[in-house]
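In the two complexes below, chain A is the common chain; its partner is chain B in one and chain C in the other.
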Partner chain A sequence: MFWLFVSHSSKAQTKEFYLTLENHVFTPSELKVPADKKVKLIIFNKDMVAEEFDSFDLNREKVLFPKRKSTIFIGPLKPGNYEYFGEYHPNSARGVIVVEVKDAN
Partner chain B sequence: MLINTVILFIKDLLPIFVLLCLISTCIAPNRVTNKKRLYVCLSSVVGIFATFYYLPMMGELFDGMGIEIIKTLELGVVYFFLLIGCSSLLSQNTIAAHQSNLTIVGLIIFTVINASEFITFLDSYLTSRQSIKDVVAGLSIGLGICLSFSALLYLSLHWFIKKEFFIFVYIAWALFLSGQISQVVNLLQQVDILKSSGALWDSTKFVKDSSEYGHLLKTLFGYEASPSLQFILLYTASLLLFIVIFFIKSSKKHHCDNDSFLENQNVV
Partner chain C sequence: MWSRLLAVMLLISSSAAIADGMVVDKVYHPYVLPNEQEFEWRLMSRQTDSNTLIGQRIAYGQSLSETVMVEGYLIGEKTKTEDFGLQAYEIEVRWMMTEQGEFWADWGMLFEVEKQHKQNDWEVTTGIIFEKEFGRTSLTMNLFGIYEWGETIQDEIEVEFRLKYRYRWMPQIQPAIEIYTGEDYIGLGPAFMGIQRFDGQKQLKWEAGFITEISNSGKDHSLRVALEYEF
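Moving on to the complex of A and B:
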């Protein structure tokens, strides 16, 4: 039961991926990550105002404070496209995480 | 921007309106003293702005996991305080002073958690000097929707109370609090404290998380279109806790009723 709940994989082994938010736009807008692996997403908000990273596909929601880096763990995921957006500026701040079978990036 | 303001208003502030309606079933609003009301309002306002101010610093704590850990602890406290408060419905007696105080503290913490997130959004819009007219219109529409929905909910809940269907009100409490506490699973999964697993099912075809209905159902009973195993386990555990308390309180009430009946018989 304990192993069902508590994450036990080494954080050092988790592959890191980077996103940047600038002028309410996420770059890269399409990020490729490997399937069936947990990955660490580091998001740097270069804007002067806060934004909220939100993804219904990934069940993730985190406030990105201005001029700060935020970390979110995602996965293990099945291959496919997982959309995310900035909740405060959903028209411009949008992107997709493409989960691929082969080892990405 | 207008639609976005309305959606965020509903998402962040509707749970507070729903909680106020639920609390009115345990604590009659006319029984709350003005001093206590003032205390609740002042504590909430101070808490909201203090949390908003310190939120970026809280985020840096525990290796960047600060907000998730603090919010999890806060939701845990809110859950248990309100659970104690709403259990007074089962005995159908006047709420005890400690239950009333715990309920009020739970309400303040819950208001602070939700409203501080909304203030962060407002600050982001107002700092970027975008159309204030749209934000004000969005706030007005959001407030209108929340007030209309709350009025309907309040009347429904009080109809149940009037008809002495306390169990239905208790079920509403159980679903609402289970939905709120289960949110900690997503919080802890995103900072890798809890293990992430795939979704058990996907009901996006029926009700999308992003839709208005999705937000409403999430507020009422924590609806998730694609919940994880851990989410469902916590939700079920919470409902079981409510059921256990229901049986304990019911058996106690039964014993009390029997005792008073016997006492009356002896007097006669």
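Moving on to the complex of A and C:
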């Protein structure tokens, strides 16, 4: 019963988007996602060391373990640019989520 | 729906026992990060017409997994008649039950055991932590059940409710409104929190709030300050 309450509105299919972290660089550095929809961001950290995804704009913080895929749920968001970075390599590990009105690919 | 939920929580909390301590403390967030360690210092000062109570806590915390954080506290208190000294110690476990943003809201649980330093008096707290994002604002609520027993206190069950509605303006300054209820106390006031990041996982978080008791006449103000260094 509690779980039904917790998982309310999560039944709708959440669209997945992918990022890769390699040599402390996020690819693609600019990722387009649709506005006003929750999306699932799957980040594959190919490096041998952990990174920490951090974004005040997105209100998310997540440890990306080495050689592992991590999932971050973001949104629903208004159109705009939302920056993020890796706490351990903030100069190279940076990117932006571009939230657009029309459905992004 | 929100107003009904809030009304029920306020009603439950305000029907609890007579005040014997500090209700204003901290509104907990449900999130845990793996590989995290922290030192924490909290100051709570409550001033009424007849008494001034100052409490301080120092703590060390460490995440045990991706979803569980444990923290140990030393608690000191000073009253109008007693000098500052070690009052109690506490162990706290926070459990992040859901992944942030996955469901309609984010949920966590808190478990605490506290023992008075010089008396064989105990307190167990457990409860639910809730957070929901609304654009650039976040609503955080805690509902705790507390059971006290021991040699020098009466067995007592209390319910406390805490609420923070925060505007994520900029990392360093995030203004908020906080509500605390429990032990015949209803308090409300402005607060803010902030964060400054350093290298790697190192970051300093600060929180402060000035809460005024609103259900009784007479002076009853609480100031709370908290600093957390995470590494």
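Everything below uses one rule, namely that the second predicted complex is superposed on the first by the 95 of 105 C-alpha atoms of A that agree within 3 Å, B and C clash if a C-alpha of one lies under 4 Å from a C-alpha of the other, contacts with A are read in each partner's own complex, and residues count from 1 in each chain.
Definition applied: contacts are C-beta pairs under 8 Å (C-beta built on N, C-alpha and C of every residue); 3 or more make two chains touch, one makes a residue touch a chain.
All values reported here derive from a predicted model rather than from experimental measurement.
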Which of chain B and chain C A:38 touches, first, second, both or neither: both
Contacts of A:101 with chain B and chain C, given as first, second, both or neither: neither
First (chain B), second (chain C), both or neither touched by A:87: both
Contacts of A:60 with chain B and chain C, given as first, second, both or neither: both
Touched partner set for A:68, first chain B, second chain C, both or neither: first
Touching partner for A:52 - first (chain B), second (chain C), both, neither: both
Per-residue touch tally on chain A - higher for chain B or for chain C: B
Common ground on chain A, meaning residues reached by chain C in one complex and by chain B in the other: 6-8, 38, 50, 52, 56, 59-63, 71-75, 78, 87-88
List of chain C residues in touch with chain A within their complex: 31, 33-35, 66, 97-105, 107, 133, 135, 138, 168, 170-171, 197, 200-201
Chain A partner contacts - residues on chain B that touch it in the complex: 4, 8, 55-56, 59-60, 64, 67, 117, 120-121, 123-125, 127-128, 186, 189-196, 198, 208-210, 224-226, 228-230, 233
Chain C-touching residues of chain A, taken from the complex the two chains share: 6-10, 38, 50, 52, 54, 56, 59-63, 71-75, 78, 87-88
Sites on chain A touched by chain B in the complex: 3-8, 11, 14, 38, 40, 48-52, 56, 59-63, 65, 68-78, 87-88, 90
